[in-house]
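You will see two complexes here that share chain A, one where it goes with chain B and one where it goes with chain C.
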Partner chain A sequence: MAHIPDGVLSAPVLMAGAAVSLAGCAYGLWRLEAERIPQAALFAAVLFVAALVHFPAGPSSVHLILSGLTGVLLGWAAFPAILVALLLQAVLFGFGGLVVLGVNVMSVALSAVLCRALFLAVARSGNHRQTVMAAGLAGGIGVVLTALLVSLALALSGQAFATAAKLVVLTHIPVAVIESIFSAAVIGLLLRVKPEFPGLTLVGGKRE
Partner chain B sequence: MNKPGLLPVLFVVSLSVTAGLAEAHGLKALVTVEGTSLVGSAHLTPRRPLRHATVTVTGTDGNVLATTTTDDAGHFRIEAKRRVDHRIIVDGGDGHVATYTIRADELPDSLFLSPPTPLVQAGEGSLPALSAPGTDWRTFIDQSIARQIRPLREQIDAYQEKIWWHDVLGGIGYILGLGGLAFGLSRRRRRTDASPSTVTRRNDP
Partner chain C sequence: MNAYASSSAMTARPVDGGHPSTAYFSTGAGEKKRKPMLEAVDSRLRLVVCWGFALAVIGLTQLPALLAALALAGFAAMAARLKRAATLRHMVAFDGFMLFVLLFLPFTVPGEVVFSLNGVSASREGLLHAAGILLRSNAVMLMILALLGSMEPVELGHAMARLRLPAKFVHLFLFTVRYIEVLGREYRRLRVAMKARGFRVRCNPHTWRSIGYLFGMLLVRSIERAERILAAMRCRGFQGRFHSLTEVKTMDRRDYAFTGLSVVAGGALIALEYW
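On to the complex of A and B.
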């Protein structure tokens, strides 16, 4: 449901989403160092595949979004990575439309970037336990933020979608729980196996 | 490939395996109308017949119209008594359930719309006489078309599954290709920016 189809949103919302996504992608690409391009590309592939795993939830189905984990690992590079993943999902599987791509990218990538800030703020001390907990928090909050942004886009486009907007948030609560656990597990594993992993080196004082 | 790339590769692999399991253990049911019978087959993907599974047919109101089990080849056949929407539910018994809906207008006209009620004998009796031969022909044509279309529908079904996998792999390929392109371009730009003497291969960030 993080994929809004074409023909649902109003023009101002579409344009605002496209503008935010464009700016985010430009900034993300500008900030992206060459050494981290393979990491961003591989994580874009993860995002692309993760959204294909659907879970039934009430009348519709939900899928992993991984906005929190993407933000924690990629930071601003989440924008271009998410753009590529969502573009391919739209073209190959018809998940979400092409006109609405800007809004969809914004709702996932903006929450990813916010989660990155949240993660850095919580995991400041850099001890293992706290970092893992911060990752879990970011993973869960990421889904909630994405769902909120999606429902905001729906709600701004007309009253008719108010119920749909509420449903989006409700059905994503279990996804948030799953992703919270998943993100904590992934970051916990990375810290143990590969503490010098680029996204994690900023934690604990080592900056840039 | 630099080292930080290794873990995301593992994630991709593990996620695609999860996706694969969800797909590989999918249950599909395909039902066609032959005359007044609903003829169907149930199979697990990739194509493996689902034997001795419970098949329940309900109407739109949720009332159970009929039950049966699939045979050794995964096939089943149910007689439709009424011309209403039929919802065919195949329960694999291990949490996999497939449903298929046959709409009322796919069923032949010879079936009654509502519970069989005795025909009100119209005084002339000319109406039943007129409609009878037409219905016969239509049933016959419906039957033979259904029989011929059936393998095609199964083929399309199998084809869609195959396409799905191609698209997944294709998408991953596109992303890695884009990443490679971006990496290569950024390297080249840096090489032209820097003076030749300072160009060194940097492996650690």
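On to the complex of A and C.
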């Protein structure tokens, strides 16, 4: 998850983020059947817990962003699920903010939806190796996309943030590497243990 | 690590979730008898006021107005009886990249030079800009923790439902709140099992893969759990609506007082900004 706090971004950026997130959430909720809500909530909870794990990296530690994996598992439902997760993180831990929620949801969920498309395109043929590779790719690219969107939000908010915006992308490269291997492991295990896992059944000529 | 551990450590509330008639039977040993003032205020009102406060504060630029906003949030935090140490820890814990944003601002904003470091000069305007961001974000965060962090997440869900947010969204929220607790517990159990087998978190692919397998396993178990939950909901004839356990109360005198106070405080902030 990515958390820009309140009071940093400019009004047009905030409004654009809110508009995109609102539209995405509306569409995601519309597509989410009532019967699938418990499942979506469970995935969201797993990802919430996973985003709290800190991995040591050099002198400091990093936490996962999980936009790629969220997209692969949830599709368009990623939008409302990430809104729930970020709202909870703001309320429970004070990460992020309220008005900036739109931009934060957009930077994670938009990458999630794009990664879902990428995952399906790469994993099309459906053999095990290729699907795992697609998951790794989605995991890594998800982080890069989220970092790019965060840095775009910063850069558009003022010239003064330009340097910081570039550094945001650079500092996320190690996270992308970790998350790529992490996501490949998650999907690899799911394929072996429960090949009929929802979301993966679209891959590889198996029926929906 | 776990959402619930830190939320309950932070809020210091009776374990029953603040239902008026049962509050006196709280088993929380060593807790103060009197409930925090803010807890009696309607949760919808707290949500709306918090939102309004955030909207107002991000528009502030003048130092006096910003300091007043932070003081206001601090006052609310005291009224909500937030634990001081935990709250301060939340306030200094920024996402790493925000540090860059703040550190670079004095050097990238042009203006009157205050000091220079290795030939790069820091400007007064940049320092003020960074201070403004720090004050704004901390004021909003403190207010969120005071007004929203002090209620059970479930209560927040019910507040959103009563504010007519889409039912599907509220259900997703309530289910997620519940499962974070369940899965957090399962996660810690699996981590203990890994530790017992000699697993240590390091900076290598083996660690990343192993934690990945752990969460893969959590997902497998969660999908089986989801099937059971759905079956149980069908069995009980779920029709897309939950029954709230808390009574729907109407606005009382305390709520009106809180509304009045919020409006006056908001007006004062805006007045300070445009004085």
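The working rule: the second predicted complex is superposed on the first by the 192 of 208 C-alpha atoms of A that agree within 3 Å, B and C clash if a C-alpha of one lies under 4 Å from a C-alpha of the other, contacts with A are read in each partner's own complex, and residues count from 1 in each chain.
FYI, a residue touches a chain if its C-beta (ideal position, glycine included) is under 8 Å from a C-beta of that chain, and two chains touch if they have at least 3 such contacts.
All values derive from a computational prediction rather than experimental measurement.
> Under the superposition described at the top, does placing chain B and chain C together on chain A give a clash or a fit?
After superposition on chain A, chain B vs chain C: clash.
> After lining up the shared chain so the two structures overlap, which partner does A:Ala117 touch, if you call chain B first and chain C second: first, second, both or neither?
In the superposition, A:Ala117 touches no partner, neither chain B nor chain C.
> May I ask you to decide whether A:Val99 touches chain B, chain C, both, or neither, giving the answer as first, second, both or neither?
A:Val99 sits against chain C, while chain B stays out of touch.
> For A:Met15, decide between first (touching chain B), second (touching chain C), both and neither.
It touches nothing on chain B or chain C.
> Between chain B and chain C, point out the one touching more chain A residues.
On the superposition, C touches more of the residues of chain A.
> Mind working out whether A:Ala164 is in touch with chain B, chain C, both or neither, as first, second, both or neither?
The answer is second: A:Ala164 touches chain C but not chain B.
> Counting only touches as set out at the top, which of chain B and chain C does A:Asp6 meet: first, second, both, neither?
A:Asp6: touches chain C, not chain B.
> Have a look at 165-173, 201-209 or 255-263 and say which bit of chain C overlaps chain B after the superposition.
The overlap with chain B comes from chain C residues 165-173.
> What is the shared patch of chain A, the residues that chain B and chain C both contact?
Of chain A, residues 34-35, 37-46, 48-50, 52-53, 84-85, 88, 92-93, 186, 189-190, 193-194, 197-198 contact chain B in one complex and chain C in the other.
> Touching residues of chain C toward chain A in the complex: what are they?
1-3, 6-7, 10, 50-51, 54-55, 57-59, 90-91, 93-98, 100-101, 104-105, 107-109, 126, 129, 132-133, 135-137, 139-142, 144-145, 148-149, 153, 156, 166, 168-169, 171-173, 175-180, 182-184, 187, 201-203, 205, 207-213, 215-220, 222-223, 225-226, 229-230, 233, 240
> Across the complex, what residues on chain B touch chain A?
1-5, 7-9, 11-12, 15-16, 18-19, 22, 167-168, 170-172, 174-176, 178-180, 182-183, 186-187, 190, 202, 205
> Please name which positions on chain A make contact with chain C in the complex.
Chain A residues touching chain C: 2-8, 11, 14, 25, 29, 32, 34-35, 37-46, 48-50, 52-53, 55-58, 60, 62, 73, 80-81, 83-85, 87-88, 90-95, 97-99, 150, 154, 159-164, 167-168, 171, 178, 181-190, 193-194, 197-198.
> Residues of chain A touching chain B in their complex?
33-46, 48-50, 52-54, 84-85, 88-89, 92-93, 186, 189-190, 193-194, 197-198
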